[in-house]
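Report on the following structure.
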Amino acid sequence: MSEKHAAGPRLWLAQPALGPKDAPPLLMWGAAVIAAAILPLFVGPWLLSTVRDALVMGILALSYDLLWGRAGVLTLGHTTFLGLGAYGFAVATVQFGQAPVTGLAAGVLCAAAVAAVVGYFLLFAGVRLHFFAIISLAVLIVAQQLAVSWQSVTGGDTGILGIPGLSVGAGGHAFDLGGARASWYAVAVVLLGAIALTWFVCRSHYGKVLDAIATNEWRAKACGYHTSFHLLSVFVVSAVLAAIAGGLMASCSGVVAPDVFSPLLATEVILWVAIGGRGRTGGPVIAAVVLTLLKQTIASYSTDGWPLILGGLFLVCVLFMPNGLRVSGLAAAIRRILRAKLNRPLLHRTSHAQEER
Amino acid sequence: MTTILNILGYVGILALVALGLAIVFGMMDIVNLAHAEWVTIGAYTLAVVQAVAGKEAFWVALLAAPLTGALLGWCLERFIIRFLYDRPLDTLLATYAVSLILQKALELIFGTQPMLVYAPFDGAVPVPGGSYPAYRIFVIAVALIVTAGCWLLFARTRFGMQLRAVIQHPAMAEAIGIDTRRLNRIAFCGGAALASLAGVLVAPMVSVESHLGVSYLAKAFFVIVLGGIGSIAGSILGSAVIGTVETLLGYRVDPSLASAVVLVLSIVVIRFRPQGLIPGFSAAHQLLGKG
Amino acid sequence: MDAHFLQGTGLSRAFGGINAVAGVDIAIGPRDLLCVIGPNGAGKSTLVGLLSGAIASGAGELYLDGERMTGRPMHAFCRRGVVRKFQGTNTFLTMTVRDNLVVAGLGVAAFRASPMPDPDAVLEEVGLSGQARELASHLPHGERQWLEIGMAIMCQPALLLLDEPAAGLSAKDAQRLVGLIHRLRERCAVLAIEHDLGFVQSLACETWVMHRGEVVRRGSYAQIADDEEIRRIYLGRGATHAAH
């Protein structure tokens, strides 16, 4: 076994051999690559941009799946990092006239810094679950308030306009990726690349470690893991990925406004992962794309309809399908409804703290 | 002097909102993210009552709002939270969904324009340093009396003792014959009623629209973070600290900066004293991984 | 005196006014085998908690290999070789048996930049090779105990703390465990707390008796078994004969 002899970082990333269970994800990824490559040939620029924006949300979903789906850290304010990425990109490119790549880096740096500081203070103090979730919401609300009031930098209520499209400079040549097709390919490459990387890492030993920490943190500590450190790492990486999504979003749409720090969108992100299946990398991405496109469609008919549908969908999902949309989930949902009808009294001692005393 | 009165007013309202949250959190391990919507509900009740029966109906609303709140709270507990007793994180999400739905529903029913509400009496009262609106003094008085009443109930009555038992050790309380589920329901409805009362009181002083509760939600949780879970004294102390800091800061700097400072303060407190200033020894401390 | 791996002086821990452990001195060498017995509430589990870093000591000092460990977090203890096998079972229920072992071994191996023990070999050692792909939650209690032991072995312990290892094991399994412990002694020190006096007798090692937070007797099992006062501690006054 190669596991025996690997040491250090190679040990963390050691992979099990490719087996039959890996076929479906690999095939689906392959199909997605092909679809992404040929779609621009069949679809007009407006529809392409719409789906591309949905793909950006897919990146956001992936980042949250890493944080909540894999590592079990629930937050209510994940769009903070989306917004920081977007504003970082916007400020760097518009206010300081930097290249888009620098803009992306600026956004990523902002998000990583905030995640590192807030994460360090909370996670290393042992704050988990409810309190972590609520403080993340508070951070989001404060971020939104600051975005509105810090007019000189953020443009206040109107936000920042005229954000340049993506372009990459290489060898003195500037490749403009701003057009509909080029930006589509750029976003698709980032999304598919991120999915592949996440799948690769979560398949390895490190994925198992994250699973263990999410399942039973106390026991993981007893196995010698500095669990707070690992959770912080995942938190920062997730923030970075969300910031990349934010930068791409800002660049593709050309504007950024304080409503990017949206609790509503943060709820949608949770829903994507809840419906797509926690920890099932591809599922949340697909859910994100589908639900975003659905939202666009509904919004064109009625502006108020979406939040109600979202809230209702969320409620149904939490009550009856906590493990995501699956056939077995539906069966479990029916069982749950029946059990609720029988109204069994439950002593609500939860099992999240499995300490030994 | 006006500053002190401002602080007292803010602290009083915060305390009313946070009390219910703290007790329910301590007793049931449940975080009700929809709690602050009951403030909105209280405010809207006032608007509706006054639209139907005129300005003087304020006193009717003062009774009607807590009752409405308690009733709606019972509905929430009965139809949603009861399914999720063994899944506390899912309760968080479900109540968050409920708050979204409530906000939107209020918008759809009443429109997005702020609602009209009237204070029951105008006029100012002379105080050292100037004069102060009589209504605000009334609010302070009601908030203080009700809070004191809650504390008395909690700390000095047999009922309160049972509540404390459930907070400390639900299984044990059940084993000695306390009907924990009934107590949970009572506490839940009581907390909802308190929040709605706060809504009625605060309505004439703010803009009554669907997002009214949102700002109180985060603040109420900060109060709990500072004050500790499951203890009334802690909630009162936490309200005092947060209320004072925010009011004083609000004079000097932008309100959003004031919120940011309070946020940072809470994060720092949680880092170094995660059980809060006056912890109530509730099982919910497991959630913080310490204590 | 050979250099002690673990040295604790004056270890104490009180819970709300009750002295669970009151001033215990303990020194364990690299290949020691030690059993701690005592009636319920004597403080045995608390002592193990103190030694593994799960519980902070209220007073006293703890040293591992000369390094001061007082007040350090639990994962630091594990990384330095103090590994605890929990009472009851505490495994990663949603993961397979083999993955449980891999996770158990990975952390320490990565920290020490040394290879991880072979999970399949450990599966063999604890007799769970057939269940490698089973979810831990599907295992019956006895087999989960073995999984726990396997996980403890994967952590490459220098001192293995066994918290009631024989609980729930059949007589045959208990004897297997005795054999395993004697084999483990070649690589690490073992401290076991146990209620099953037959098991302790089979181990035939140095035995300590704890009572009300203090260590009241140290000696070989034979010496302990014959001691009148120990019988009284276990059975209360007026007991005539401790049968085992």
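We call the chains A, B and C, going by the order they appear; numbering starts again at 1 in every chain.
Basically, a residue touches a chain if its C-beta (ideal position, glycine included) is under 8 Å from a C-beta of that chain, and two chains touch if they have at least 3 such contacts.
Computed from a predicted model, the values in this text were never measured in an experiment.
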Farthest chain from chain C, going by mean C-alpha coordinates, please. B
From the Cα centroids, identify the chain that ends up most central relative to all protein Cα atoms. A
Which interface, named by its two chains, has the most contact pairs? A-B
Rounded to the nearest whole Å, what is the centre-to-centre distance of chain A and chain B, using the mean of the C-alpha atoms as each centre? 32
Using Cα averages as centroids, what's the distance between chain B and chain C in whole Å? 48
When centres are defined as mean Cα positions, the distance from chain A to chain C in whole Å is 42
Junction residues of chain B - those touching two or more other chains: none
Residues within chain A bordering two or more other chains: 355
Hey, what residues on chain C touch two or more of the other chains? none
What does chain B use to touch chain A in their complex? 25, 28-29, 31, 33, 80, 82-90, 92-94, 96-98, 100-101, 103-105, 107-108, 170-171, 174, 181, 214, 218, 221-222, 225, 254-257, 259-260, 263, 266-268, 270-272, 274, 283, 286-290
For chain C, which residues are in contact with chain A within the complex? 45, 49, 52, 54, 73-75, 78-79, 83-84, 86-88, 90-95, 99, 102-104, 106-111, 113-120, 151, 155, 163
Which stretch or stretches of chain A touch chain C in the complex? 1, 3-8, 11-12, 205, 208-209, 211-212, 215-216, 218-227, 354-357
Residues of chain A that touch chain B when the two form their complex: 74, 76, 118, 121-122, 124-131, 133-135, 137-139, 141-142, 145-146, 148-149, 217, 264, 267, 270, 274, 304, 307-308, 310-312, 314-315, 318-319, 322, 336, 340, 345-350, 352-353, 355
